[in-house]
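Each structure below appears as structure tokens.
In the two assemblies presented below, subunit A is common to both, partnered first by subunit B and then by subunit C.
Here is the complex of A and B:
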């Protein structure tokens, strides 16, 4: 099918130019930071930056897969809050129990989403909005609305606080491994190709005999699992399960995905560019923190929400300007 | 065109099969309501008292008012997640205005501006949503997510995150006043429902609204001003959310930007869907939204009055939303 190939090629070229934007912005912002702030390139800043943002990177990657199918997952933030509590409860049994336990709890919520969306045919945003509510309620119920301190005696806190080979925090190493694995899944497996095909046209994918149901179930389970992992990092890195965390995380994740060039209507997307998008969003806050420190500006914590929304707004404006119109692809 | 008439039939003139379906659907809501009422009458202590009625009406009004707006937006096959944030924004602005130097110097004028400016800002939020959605073709969920998060952020920046308390009886009337012994905001909700019902069923805008939701392409081809209609829907929704935000502030004699309207989008969507709104658009059951709001409020009240924790109530609400949408999907197919 030469015609289809040509079309795909054009898409990918376009995709590359979209992704180029986020890489350029990322490099520019890093150079700006290095030039302007003394400690910006210091080991402390880099490590704490990566450690904190590993949460958002992992959630963004899961979200990226969901959005590529044309869906959305609004539940990631409260699912992460829920699994942070689960991981904190499991922490006395050590990392080898708490880590899979937290991830499994996230996957369980992903399974609820998948069931509602695929079997009950409920629109993704309603289903995941309901799960968001249920996970939030669930987190508050199992924690008694308290932060749950982790067991400092076990090896659980190593994950978020100690470094692999004394270089990088474990959390960022794990995220890097997961990102590479998922990148390969997306680019080189039939499952990954099906995910993209669904976003292009679900009907056409069905008619072509692709395993649409399997791929759709996969993305929601994946997103739940990623949120679960983020929750484990949260508990490990901050020493407590936090039932009230995760507010607005879905927005950060969506913004990161979109700034990475993934089309909101699905059918187009990239794992590395999503990671770059998450780093860029994190870096904006990092730079603002440095500015706050220098006293040139004084922004309260409330500005974070405004800026997060503003960032998404700018990204959307850029996407509609540069990219193909949503109708063309959708 | 045929689609256009079909959608209006669904809403207006009764037709054999459709009217049966509609009757069932309407009764579904009412049956649910009767069951909840019966349950409460039997099991909830002190349910059959004037005080209970009073509390529920004063609380249901804000849900109902926002749900009316949500129904209008859903009729265009859209959704508005920013309603709660818009409530917070409007609610934060009003006390800032009537407690300012100007507001205390000219109480009457200050009060008028304290109503007008927040509602204008709310309407502008709707304009922002509507323009992004209709001119840039951004999905409604994503668009309204922007204000969902930064709208509340702006409200908190404006108030520096502080609780604004005040004592202003004339402003508080919209939350604590009574007409014929019942809360003012209950009457206001009914009045707004009647106005929006009139707009939806009796004006050209209303015809276009249902046509756009029924089949956007067909509506466009038959000359409906699709963009204007969509913008109008989001402006109406945001404006009504602004009113609800002011009422919440008036009830509490305090404005808390972090809490005002928190999770309201879920209540409003649930109320609209329970009331018979189709997420695919094309229907605008305004009084259904009121019924839906009453059901949602009573479920909340029932759980609370019977000692169920707030957190569990969240899970119950999530299940109601999923079930209501599921039942509707099943009916449609």
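Here is the complex of A and C:
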């Protein structure tokens, strides 16, 4: 029985089906939904599903980069809440000001994280925990603990409604573009490879003469920026800056990253699999909503969370157990 | 003008690396005192010396990991300021560290090209070129592997060759190899040597650090020996014998060693108990070929030999870390096959390794907790640790071993290395193994504490236990052991019986067979 041995790195690395679990589960759940629910595959459901989940996808991608260096960013949820308020305040000036403004506010928090972690050598867990509290408090301060309504007269709210080229809402298009761009950065640039190398071994990366500091700064700025963008989507989608939102988002993002097969200790990871992870976690809720809609069962939101937790567990099992044994048989 | 001076000037111009009068101290303790090293293009240059002689410090200064306190470094005759590993690489110095400085999770190709990726239009990595480039270099070494697979999925030997491939791909003019063969088998060593020759033929210099002297004669052109932070000298290997190298490393007079003959070591029979452990013809791998050892109750048996002679491997075999490929071990009269260290501990064998960190110091725990970690089952009654008994026991060991600590609840990380070592020794003594193997128990310990530890070991065996004592300090073996088994290149070659053994006899025994073997 191989499972009784200690963690076998060599076998683990030879198993390239690691992220297969998330794809299998995603496809299975989609097929299940299509077969069982009439409107599951309808344009309305698809668009509203993607629209709602776009902010989780974007946060998860940023988190994925941080985790690939072996770090963690706990501040993303609070930062998104903060930037949603910033974007709401800037909304009268139009989307062209509010969107970059929100993203920049997120990057600013990322810069604080990067400074604490790289220059002050504070462990990422602690540094981003502090930023998380600070951003949460900051959001309440600048909003006076009130939701800040956006300017409905400006073009700000069109972000989640108006369709690009009459096909998909802008928010989904933006997320897709960002995801593809970051996928390319990870797979095809020295910066992306350095991110992975740092997670694999920071000492070795230093000794190889890689630009470690630059890459670490990049991932925290990126994660902050992604959280900032998510905050803009939040404000635009709900018509208001939400200082109390974002609680637990960092954990959902970490879950998406892990479900996507990214190693929590860093060094291995994938952008598409992270997107798939975020979609999968969102889809569980979507399917449960449809199930409730059939009227046969009625699950409260609390039970839905329990079921999502169980689902997460199953996918992780798929990753770690089924992957290697398939390989051994084959 | 003297001709020697002219020659010297020429050599400065020719040489690839010249390090002169290099000084380096760590918090006041000198590690290098006026050390020197000169490497010419296309040579394989060996660097040898006992542990602590300053080899790695010298290398780390050359590779930008440490800064020199003073001295002069020249590359191709030009003064060089090397302040980071990245800069060293740019100046053509690549290092293959003992703990490989690669990323096992990433692919072979990435590990070769990282930081110097071939780019396409738009700055994206040209993966096809990268894979092709990596395959080309590796095929020069006669290796054909899937370069897209993670490096960690390959053996240490392949990983080492990939590290060299990286060096080659960076157009290094000097490749530094730190103990490259320590984890390779014979066949892999041959492949590595083929690669080293290939490097040499293409004009690359290699600085080769190794404890295995035989290897140097196979592969190296010149050898620089270091001792106590100083350079003893540089020799051509073609006009050198192994005995001369050993004499250089140990700082002994070679004529004296050669002139003296072997004498008989008579000695009074000590009062000894039954045979505790008997090893016959034990072999485990490329470093331990045939090892015999008998330990009786009440006896301290020393294992002598140079680094790389198989001392540590012998201890690992007895402790069940490495599986036997040949031979037999009998413990307390019955055949014994340890599967792993926990079997060994169960059957009454303990091993204090020379590596305190690996041995399991828990830095933030107190002296008391560190000492009783392995004892807790014995100290527990009804699920509760008997703190009274625990404190009493710890107190007695602190007193007996003279552990310098403010109190027993002080975190162990705040203690000096020697005192940490004593706590670990106490941990083992408290569990009372029948046979305790001590690998360098007094390394990094001051002279006074050393004597105390020796006395503690002596009183331990007088209670009817057995001890195997491994040490690179001849004095410690000669004074501390009842018998000394001398190891060479993985063979136990001779046994010296105390009383009557002198340090010179031990040195001679270690050197004698090397000379015979080499002739």
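Things worth noting here:
Basically, the second predicted complex is superposed on the first by the 285 of 330 C-alpha atoms of A that agree within 3 Å, B and C clash if a C-alpha of one lies under 4 Å from a C-alpha of the other, contacts with A are read in each partner's own complex, and residues count from 1 in each chain.
By definition in this document, a contact is a pair of C-beta atoms (placed from the backbone, for glycine too) under 8 Å apart; a residue touches a chain by one contact, two chains touch by 3 or more.
It should be emphasised that the depicted structure is a prediction, and the values quoted were computed from it without experimental measurement.
Within the superposed three-chain model, A:308 lies in touch with subunit B and out of touch with subunit C [touch as defined at top].
In the superposition on chain A, contact of A:177 is made with neither subunit B nor subunit C.
When subunit A is checked against subunit B and against subunit C, the one touching more of its residues turns out to be B. Once chain A of one complex is fitted onto chain A of the other, the partner contacts of A:316 are limited to subunit B, with no touch recorded for subunit C. In the superposition on chain A, A:24 makes contact with neither subunit B nor subunit C.
When the two structures are aligned on the shared chain, A:254 is found in touch with subunit B, with no touch to subunit C.
In the superposed pair of complexes, A:123 makes contact with subunit B only, with no contact to subunit C. Of the two partner chains placed by the overlay, only subunit B lies in contact with A:137; subunit C stays clear of it.
In the superposition on chain A, no subunit A position is in contact with subunit B in one complex as well as with subunit C in the other.
Residues of subunit B that touch subunit A in their complex: 79, 132, 136-139, 141-143, 145-154, 156-157, 160-161, 263, 266, 269, 279, 309-315, 317-319, 321-322, 325-326, 329. Residues 9-10, 13-14, 184, 188-190, 193-194, 196-197, 199-201, 203-211, 263, 267-268 of subunit A are the ones touching subunit C in the complex. Interface residues of subunit C, counted against subunit A in their complex, comprise 65, 84-87, 89-90, 95, 97, 100-106, 110, 114-115, 117, 123-125, 127, 149-150, 152-153, 166. Those residues of subunit A whose C-beta lies close enough to touch subunit B in the complex are 72, 116, 120-123, 125-127, 129-131, 133-134, 136-138, 140-141, 145, 248, 250-251, 254, 258, 264-265, 300-310, 312-313, 316-317, 320, 325-327.
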